[in-house]
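Note that subunit A is present in both complexes that follow, paired respectively with subunit B and with subunit C.
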Partner chain A sequence: MPPILPDFSSSVKLKYVKLGYQYLVNHILTLMLIPVMAGILIQVLRLGPEEIVNLWNSLHFDLVQILCSCFFVIFIATVYFMSKPRSIYLVDYACYKPPVTCRVPFATFMEHSRLILNNNPKSVEFQMRILERSGLGEETCLPPAIHYIPPAPTMEASRGEAEVVIFSAMDSLFKKTGLKPKDIDILIVNCSLFSPTPSLSAMVINKYKLRSNIKSFNLSGMGCSAGLISIDLARDLLQVHPNSNAVVVSTEIITPNYYKGNERAMLLPNCLFRMGGAAILLSNRGSERWRAKYRLVHVVRTHKGADDKAYRCVFEEEDKEGKVGISLSKDLMAIAGEALKSNITTIGPLVLPTSEQLLFLLTLIGRKIFNPKWKPYIPDFKQAFEHFCIHAGGRAVIDELQKNLQLSAEHVEASRMTLHRFGNTSSSSLWYEMSYIEAKGRMKKGDRIWQIAFGSGFKCNSAVWKCNRTIKTPRDGPWMDCIDRYPVYIPEVVKL
Partner chain B sequence: MAEGTFIFMVKRTVVSTGPVEPGKFCHLSVLDRLMEQNQVKIVYYYPSRADVEPGEWIEKLGDSFASAITNFPIITGRLQKNTEGHWIVKCNDGGVRMMEAKVKGSVEDWLKNVDREKELKLVYWEDMSPKPYYWSTFYLQVTEFENGGLAIGLSCTHLLADPICATMFFKAWADTTLSGIMSTPPFFYSLPLSKADNKNPNQGSYTDLIDYYKSSIERPTPLITNQKYATITLSFTDPMVRDCIAMAQATGASDKSRSLAFEALAALFWVCLSKIKGTNGRLLKMSLCSDMRNVLGLDQRFFGNCMVYNKVHLESAGENMLPEASKAIGEVMKKMNAEGIKDLIYWLQCNDNQTVPLMNGYDFMCANLEGVNPYLATFKDRIEPLRVSYYVEPVTGPGQVLIFRSAPGEGPLSRVAMATLPEDEAAKLCEDDLIQRFSPTVLMGTNKN
Partner chain C sequence: MPTMVAAAMESPVWGQKLSSVVPAKVTGDNKDFELTNMDLAMKLHYIKGVYFFQSEAVQDLSVRDLKEPMFQWLEFSFTTSGRIRRSETGRPFIKCNDGGVRIVEANCDKTIDEWLATNDNHQSPDHLLAYNQVLGPDLGFSPLVFVQLTWFKCGGMSVGLSWAHILGDAFSASAFINMLGQIMAGQIPSKSFQVHNPKKSESPNPSIPGKPFSLKKVDPVGDCWITANNRKMETHCFHVTAKQLHHIESTTYQPSQIDNISCFEILSAIIWQSLSKIREDSGPRIVTICTNDYLKMRENEMPTNGMTLSTVEADFSVSKGEIVELAKLIAEKRMPENGLIEELLQGNEEGSDFIVYGANLTFVDLEEANLYGLKLKGKKPVFVNYTINGVGDEGTVLILPGPEKEGGKGKIVTMTLPEYQIEKLKNILENDWNIA
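Showing the complex of A and B:
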């Protein structure tokens, strides 16, 4: 969707006009205040000092009046501070790094596919084409149970994977933050496709011997955007409970969900989903303000489930042979685009500078009143954010969003490289992307980050973070041993 | 469940720990290409240890194997045919198939009544599939014995490796578990060629070798019949081998390039089997297979086929069969020098045709595997192997005997011989007088009471 003005962006003059316009509109209040203050100052100076003293004496100050005024001011101030939402800080987070022995190169994946689906060469061909264009690299990992021919997805293996991923991430988080298990007040675990009894949150409580009055939640079935839903839930809980720590664990357990049939629409997740997980520590304690990495500014959730097509576009069901898999419909990208537009419409006014909002408003009015054929104005989100973390759902998602939001290659680099190195790790991919940006040393104080996640339902959720302090390149983390190799050039098609 | 029954067997793929550079290919030599129809199978037995959890060793071995194969991209690659119709290996990082198995009983009990059929169950092998690009060339099987002990079976296509380098690879893997680094990394070279001025191979000094290969390639591949084979493993201690050498009157002890132990034992088997097979006083047709790495000046870690076959011939022998047989063998071994081998390689390159013979299916074959010591393969926290067995499959025709070193501590000249023969002949071998003169220990018999 091109901008309404003809493309003179190469013209330098237009660039300066745009800059001038933005500066003017964004700082309009300041710019209006300055002449007003100047006017008052001149007026005061003209009056002369005696006149000012006379003016001062003419005001009768009564004790009652003074007390009432003070009381009034204090009352307003208290109401303001009490009703202001608590600041939620992200103290730190840790991502799980799978062991090298779980690596699945393309050749191995294709061989297994061929050996398991040996009666369906067409399905194997389809998987090969998906993998070639997927944007994944040769270092993504699948859990050990999936390395078997045929895969051995027992309940025990699934629990095993959950334990390894979640406990590693949490151990790493405890080490980084110095958090003691008994100081966790709120625990939220989200894992969409594996939901045993007792829940994964109970598993965490059992392992780390957490307090008996902990508020624990386990979110399942909410898809790849569940990570941000958990953050939203944590935020709401931290508004109610003062002085608390909340740990959010986002993961996806692959073992029980490897599709064993040959329906094409359901084979896609096999090609893209990989092992991964993240643990995040959020807090509303004032003492964390100094060492917290980020502050949560906004969370915007959009649900398109009311539309039947959106509801059915990512659907878990049985195929003709009775094998369960997740079917992705062909209009997934279109529905994602719609959901994104909805989300942007809500988040735009919250984050965009006034200049962009004004342009959007004018275009909207113009379209409604003058000429409906005017192309809608896409606000320039690059002015609102320094970094973008787009859920690494697949190459198509990142391409679509890059086009829609008119982002440069550097803006989507974190997403593309996360997809290449770790694959689609579902709800935790946003945290790998944040980790990439930090590992590259690009995160400075005051930077604003936009995390966008899509999920089944169909949902589009956004979170806006503000960087609290400049983050030094971390010496640990999932990118530690390979960050120097990135960014890599990912060809359109990798010949297998 | 009875002892020795398999409780489970599952298959998976082990992938190397570091990604392979894309676009790498490994070319195979002329000696490699001749061995396409054969496979190498080696079984290593490790003793029971009290402090090991069930399943723990299978996992550890899988992980260490994954690191080890990172140094051998030829092993994790897949076969493809190049434009000339020759096999090459595309290093595509496909990985190696691994079988995990568990057997009732202990390894010590198993070894007491193992035979060929049982032992081959410890080594997994799949023949080349119609789509070789998806076929793993190496297979690893780790079998845990429920009551203690471990068996590791390694099998591979003879196209890529001979028993010598397969043993070196296994040792390199074991070393990585000891010290974390591979102390004997492999060498990938091409085979050395003749000097440029010796262009006409027919004018070489030793043409018998080339003639033998020519006839092997030209004759039709023997059909694999329903003949059942049995394998007998005989262990000869140091004094026994010395007796044998003395009896064979093998001379030339100062010549280090010759292996008197092998020559004497090969002569012994030649004579005994001729008697058993009933060749009327003549010695049966036998070919020798020997490692040429030293002869060609290649490092022991050369990865690839470097074992050469040659026919040994003795028209008739009088009363002193053993010494004469030994002398004939000695002469053939001496003639397989660097020039002769290089001429052979050159001839093979010039006369490149697409037929692939079965090199060891026609005559009785006697292979010298003394160049490596398999007992050096010690894994961390495990002592040395209890026993090692070698197989070169498939076995057809008169059979074969493989001679290799035995466990250290039994003396530098002690040897193990594994003879694979038709069932009835195998039984007779153990009872043969000449063999009984040296009273070797029967490690594995036919188990038929």
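Showing the complex of A and C:
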């Protein structure tokens, strides 16, 4: 018993020391200002009211001087307000909920794979092992064309899936926000692997009869992090165009992309990618400030494409039999870690409190000058953010990030549960995760959210949002009928 | 015959596309469904039911309209979506893992009327309209139920149900498919399904210990659940109209002689006698009778094997006896063997494999089955046929209710017998009884 107590007490002491240090450094300006103001106040009181009036009269103000000072102040204020970047608000967003007729339980997916890959028992075994450890649940969905043995992907089926997903999400968005189609000034659609002519953005414009002077963009081929790239593009456009609404649609169309071969490195996407999509309304209108859910604070994009290994680690190519699939290299996790580090290095100074930055700087200096063997200090991002939305790319990605950023199970709960209920829905998964946090009633005014996504290229993109108003538990949304069952315990290996 | 040659060249049913349909709600993990000994006795048999609908019943119904209600349908009897697994002792059970039901979409070059007319030819082609199902060799990943939707040239459609007998008997299969029609019409069952718990031995007899005669041991099949036949089997089906039935009844016996002899017993007697006339051994002396004595209501119940298996032994010469005597024998002197079967399978340590249908000449009474209860857009099927696959060499005869026609309902007789017996039997039945 005796040895334990000193440890406990020393750790408690350490905790208080840490807290004290953080409070001191983070509020240093306030703490320095207080003694100064106290000093002035005491001095003023000592002088007495008559002395102050005399001081005032001796200043000899005349009209010109007063006018010039006023103009000067007004001028500075105008320059300040004009050059401040516009606030970008996220008014609301809607996620697509696939119908039960698209449901694919484990057993069915496995059975279909066995029938399709029947000449290759090794590939079947491999796929079974991936699926058992994937972290997916029994309710993820695939489009109808993929339910056939073998899958029947046609252009028509792909367009059909795109229409169902995108139009459902947009209808839902219109209903939630009261937006009229002709009020959309900017439209950005991102879908990595399906890019028909005319584009998906043209499809949306045609369906909803949007204005002829709309600024529309269609981003394809940019991977799972394209959602945040679209947000970044929308932000830049909203800086240039005042008083505008931008709609961003993030989705991934599964129908044309089922890999029909048996090369192991290419089988993983079949197991993880599932149907999903989201539509987001961003605005820079002042009138939206009151009802917007979030305000966009930062977007940080990091691209490691200059490195050959990073460029090739997620690569779409033909296998030995000529079947096209997306090949994932074995270094994927390592490269993701590198990309994350780059991104963190840029975003850290923007979001971390001064206390953490100071510690990081001191450790950095110490390592450079004194002793390279000191462990690098990993800043505590839990102090910068209340919520984390890590792209549900796969169980390994979430595990890796949880380890690297030292996050607790509750921080990554949104990501894990999204992976379980919806699978990897690519660029829209971040929105399902936000929706989870809202559905759980955890989103309060002032909360800061960090969305991180990885994508082919290799890219690591982050967005930081600040919650604008406490969000009541929504009565609609993709989690509506199942949120009570979550969080679930996801076993390491699920026996099929 | 030219038509036979043409049929052999290319199949009239083509363009098969397979997909799966699963229960709408997750059944929940760790739901393992135990199989009774009666279920295991039937594991090597498969039921096929084909329902023919004219175009008015299926006009404007797309594949999607048919598939979408299926998700809700499968929520109720969730065992049909499960898969076979073996426990540590090797005993099979059903893991309710939502693997789902396999759907086959196909097309046919003929019209419904053309198809039904060709039924008098040799091989009943109905087997093309329901998928040829065998559990195994990949036992854990073999669907227990297939549903084949075949569109005909005239706009009509057939629904072919392939059902593993281990799940339940023909009455359960019929109730299962009828429920699809109900759900499509918007009548959702309100309560969840009861599992029927078989009473320990529903037959009053086990004072006579011994082996059941209705069961026959076969060579081990391992994980591929089908036996091979020593003889080539053929299936033939014919309609006995209500008028013909009435004629038979009036000619074979006086009204006072029959107390509670049903059409099933009369028809079975006729066929038994006719067969014994053509067989060299004048046999068979023992036949198996399969009837539904206890579980009348199958709606809203989990599928089960609830039919009674009995044997009848004739101690007189079958070919020379009176039909009415034979019918009375079947009606009154049959010995139920469910208890014996249970006992035998309970002690089946070494996991031997058995067949029931075709171990002896088997007669199956499906007269009371609600086969015309599957309605699409409120319309009944124009014709329904059931057959059993995996039948042993002695053959099986099913007596089914016939379609409604003027004059009332007749019966459909579907026989699966060795090829060489079918032709001769047809001759005798036509000559002596004016049926077939």
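Assume the second predicted complex is superposed on the first by the 486 of 496 C-alpha atoms of A that agree within 3 Å, B and C clash if a C-alpha of one lies under 4 Å from a C-alpha of the other, contacts with A are read in each partner's own complex, and residues count from 1 in each chain.
In this text, a contact is a pair of C-beta atoms (placed from the backbone, for glycine too) under 8 Å apart; a residue touches a chain by one contact, two chains touch by 3 or more.
Quantities reported herein were computed from a predicted structural model and do not represent experimental measurements.
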- Message: After the alignment on subunit A, I want to confirm one thing: do subunit B and subunit C clash, or do they fit together?
- Response: clash
- Message: On the A-aligned overlay, A:Ala107 touches which partner chain: subunit B = first, subunit C = second, or both, or neither?
- Response: both
- Message: Quick one: is A:Pro121 in contact with subunit B, with subunit C, with both, or with neither? Answer first, second, both or neither.
- Response: neither
- Message: Applying the document's definition of touch, where does A:Glu138 land relative to subunit B and subunit C: first, second, both, or neither?
- Response: both
- Of the two partner chains, subunit B (first) and subunit C (second), which one does A:Ala152 touch, if any: first, second, both, or neither? both
- Message: In the overlaid three-chain picture, which partner chain does A:Pro198 touch, first (subunit B) or second (subunit C), both, or neither?
- Response: neither
- Task: Share the list of subunit A residues that count as touching for subunit B in one structure and for subunit C in the other.
- Result: 100-101, 103-108, 110-112, 114, 138-139, 147-149, 152
- subunit A - residues contacting subunit B, complex: 100-101, 103-108, 110-112, 114-115, 137-139, 147-149, 152
- subunit B contacts subunit A in the complex at 10-15, 17-20, 62-63, 66, 78, 92-95, 97, 131, 134, 136
- Counting only contacts in the complex, subunit C reaches subunit A at residues 17-20, 22, 24-26, 64, 67-68, 71, 83, 97-100, 138, 141, 143
- So, in the complex, the side of subunit A touching subunit C is made of residues 100-101, 103-108, 110-112, 114, 138-139, 144, 147-149, 152, 496
